[in-house]
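Naming follows writing order (A, B, C and D), and every chain is counted from residue 1.
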């Protein structure tokens, strides 16, 4: 009757870990990432073995990583946030404006402002989704237009130039500690905190539950609205942080900063094994997905593939990742069937 | 199971009390005046026809709905739950009529979601959680892997997780809304044992079921509801099935299983060597016109899967299905329907109905091609066809465009049956046709099936209720673990023989 | 002289001096400056200035604004084309609705507009950049070009001419790649990084677009290649001042975009007034810039590009 | 009507729970059409030059691709799927026309080939969604990048701008004697075909059933996979056609054509009352939704409002349209609850007693 798998025989924690790593969805894309880096480096050693090459390898995807982590959290709750690109743009411009309009402002305040404004924009999304009970795709499509419009209306044809920003702030964009870019360290810290939270705290697990079956979550008496709003606030705040760092890294901020990042972030999450239908996936996957996406972008020219084909490769990659997920799932269910057959 | 009832314990003070509770959904009044008293250390039964308002009452207790009017006392104090979290905190555990699980999460997480044991920094203590789950499963006597995801579990296993969830709450009040509807005899017995031990610990239990044998075997007192209102409460020792039925239906129901005699005609459905790996193997049988064949077995024996495969919802690896002499191609419901096969599926909400559509659209969904003229469909034609079947089956609904999801379970089931009868099938497969249906409706469904058989329809009736199978079928097939393990003529089909074939254990429960 | 075909040619209808500026896209400081010049000129002669534009630099998004200008019945439309022929039909429709069409910065096919205000001859622009980079890298080694959108008319024309110049006069310079930053800051920045990585022996980068050269300058200034890889092209002094001062850039070129807008506005006024029709040899007065003559193909030339370096950059503010 | 009295206990049923005028007027579609009319009236009164015939011509010409693609998109969203790759297919089709015309193919053949390319692209989406069984949101985010990448990759730096004048003129021509562009004829034909298909045929019924309950649809003999496949192919083919029109309208084949249009199309469809969760929506609402966004944009541009404000307004409309629906439902339920409390009789049943 029941799939009568008796409690598994005592496998050692180490063996468990090994088998977990070997089968984890994330391992596949790590492998792909390593492969790309190796091939690119063989073609052109400076890809990895030059100070700039190494730095850019770590640095370039760091901003997208932040946004992708937030996006993954939202997708896990069976929602989606299309407004992140606009939030990045708005907070990046805000950062520049703060430095221009309030000279001598401490960096901490600027970071705080970016994160809070991002969080507020995320809160608007979350509150609309949670309380008005309307699909996130529609709401965030709307706020994507609205936030971007506000940004363009505010910035007009002004832009923030690198020379408007204090040198120590811009130093963050390229600075390194022990050879590792500051931005990367920041992004990885955020990633670890998010991953720990999702795995070990009740509220983190509840996000998975809500994404897995919202109606059941309601019956369980989970605070569905609060969690959904929390997820959107997190996504907004991380996009806000990414916006601040965008200003630090790129120096110049025009009103189209962060344009199109929403699809990249969703793409990264999907490549990383976060199921678009909610309840499945990890922020680790999304983070590696972000690295894979942008590293491929950088590797293609080195492999002699024309710039113009980059987008096609990215598309193929996304499709490849989801097809792979599907194949693995089918194989898993075949295994279960076979087990049942032999069990009879 | 129908052995001696437990002695009724002395009534202690009330754990929970509802007085004249009212609840309406827009124009629909689900509960006019619901009253109920649960005592500590006692198991209370709640019975009533489909749509009587039982589940609505439960949902009010659970804090899922808020009552419009009336009193709700817990330990003598008036309460008003705004969410299920509050009722849980007050010590009320509820098993809902429909299992509600998170398919992507593990069995353990499903049991403890929202109240996992935590350690330092609020970190979830996974080991403790898993141990607790294992302990509960041991108590329930089931072997479920606590680490597997619940996706793909059978309804029975899902129901068991629901029960484990409720037990893990260690609640003072345990409400069970038709928990046995999907369970086999053995599992029902285990559940009853757990329920009795909880009662003996002094907890208050509410048990909702349409099966009188269960009610009499388990419960101490019974409350009857009709049309959203309280009718009567009495100790079970002082009442009989006939009394209860009269109170429920408001009239006498004499014949529960009115099987009409019919003469089997020629063979219309022939199944040969049907095999689907891991699900069923080498299933062969045939069906004659005018014959009702019962397919018995424990839940999970694979009966539904065989039905789905024959009907074309699922594919199969080998074997053939012949309908009216010629082979039915596999995996196409359209072909099967066109050639006169119909299936009333086991899960009416998921498989039978489009809950958000109106009654009329549902009844005509399978005949939409037939109803169209020059490829075009007109609502008036749809409504005419729907009206005919709704009135034949006496569906209780305000209008033909009323959303099917707002009908009671029994009325929903009637809509599904109507939908398939509208296709004018030659062979009808009904899978658990009376699951969760009240006695009145049940007897109507049985009469209907009998009449249809008499008119020459071949019926394959899958049912987990032995009395139903034995009462209705001309012939009984039995499945166990994916194989046909027995075939009995009506006269030879004793409960003992059938249960033996279903379990291969002499003297199995039921 | 194909300018006067479609228009009604009625110069004397009281002179509708409402003039709309339609740059390639908004939020581009180069056009910001040129539009300011236009606004100044229009203020001088008492017309009404309006500035509209898409947020992304594509021809299809420009069409809507051309149509709107036609519907509004403005007197003149001053436009920098995102594509030489894609917007032609829309411009033709506008002209048949009586709008004078003047292109500046980036031209369309000559038959689709009344006049083109050329900031400098393509030959002159290509030559000044080739000369600058050749001087900076010692006339030998690998160079690459970081351009704007792959379809930008002017960019492609200059790149073609530069290629010819390199081949003819600088045989030791190898042009290894042309990449496109889409006039997007971030893209240009990342493309620069990729270029440096792909070609470890790269000696120089030429970026004939203000967005591109600024982004490349910013990347170079914090990288190991600073001072080793030469960077030149077309840029605005305000954006590049810092890099000239810190040694990332030695010298770069540009015309004065404010003058370009200023001249365009006066030329449009002359067309509306009927002072000129776009015929070769027509002359008109352009306020503080003096008198200009219409050249072949209904083109007016602003002048030669100007080279900025550490000695003179402090004198400019745009 | 003859109530079929099957046996003496038979009941008759009303067909509808609400009177006709409530069913017709209290709908999302009616609201959107109302707002559209309001916007038109206000614009006519307040925006200079809005009343010129040129406005109608330009407006319809510009939104024609959106109108066209919104038709299959509506059907797809009703089955609870989505196609984000449509704008990329427009770009791919445009590039196909360009490359083939450049290679010397006759334009007609090139155009046909472009539509076939669109069809094949749609079939790829359909295959991945129905046969491989992947969620369409993920699939079409992938093909959004893939198709666009191929389009941009094929033409690289170039743009093809030479097309036969007869065709480019035709794309811009009006129906003689009206300010309506010629493209409205194929659109009207397609709109009627899609409306009949969706609202008056068994196929249409099956789309709603799939959107609301896929499993029940399958149990009712609906071939869910095939139906969805057909829809994606339709969407691809119509997008291919729109790509050819787009190319001719702007005399311009570029890989980046119609970039970002998918979100405009989806915004319009959702504004028109189609539920993103499937099973709800009607074509007249969608057409009104597209026209509403187009008209607003046109009027605002004429009034000198910049494109960013237009985007903000589009976004606000979209959010308001969905939020107002649930706000209304909430208010109604509040009112009904209040009414129910007042009207329901104080119970006649005796209190429970043990």
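The rule is short, and it goes like this: contacts are C-beta pairs under 8 Å (C-beta built on N, C-alpha and C of every residue); 3 or more make two chains touch, one makes a residue touch a chain.
Just so you know, these numbers come straight off a predicted model, no measurement behind them.
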Pair with more cross-chain C-beta pairs in contact, given B-D and C-D: B-D
Chain C-chain D separation of Cα centroids, rounded to whole Å: 40
Separation of mean Cα positions, chain C and chain B [Å, integer]: 75
Cα-centroid distance, chain A relative to chain D, in whole angstrom: 30
Junction residues of chain D, two or more chains touched: 156, 306-308
In chain B, residues with contacts to at least two other chains: none
Junction residues of chain A, two or more chains touched: 152, 255, 275, 308
Pairwise touch network: line, ring, star, complete, or other: other
Those chain pairs that satisfy the touch definition: A-B, A-C, A-D, B-D, C-D
Residue ranges of chain A touching chain D (in the complex, touch as defined): 80, 82, 128, 132-135, 137-139, 141-146, 148-153, 255, 263, 266-267, 270, 275-277, 306, 308-319, 322-323, 326
Residues on chain D engaged by chain C in the complex (per definition of touch): 48-49, 52, 54-55, 58, 62, 156-159, 161-162, 168, 172, 246, 250-252, 254, 256-259, 298, 301-302, 304, 306-308
Contacting residues of chain B [partner chain D, same complex]: 11, 17-20, 22, 24, 26-27, 29, 32-33, 35-37, 39, 68-70, 221, 223, 229-231, 233, 311, 313, 332-334, 336-338, 343, 345, 350-357, 359-361, 365-366, 368-369, 371-372, 375-380, 383-384, 386-388, 390-392, 394, 397-402, 419
Residue ranges of chain D touching chain A (in the complex, touch as defined): 82, 128, 132-135, 137-139, 141-150, 152-153, 156, 255, 263, 266-267, 270, 275-277, 306-312, 314-319, 322-323, 325-327
Interfacial residue positions of chain B with respect to chain A in the complex: 63-64, 83-88, 96, 100-105, 109, 113-116, 118, 121-124, 134, 142-148, 152-154, 156-157, 160, 184, 187, 277-279, 281, 298-300, 481-482
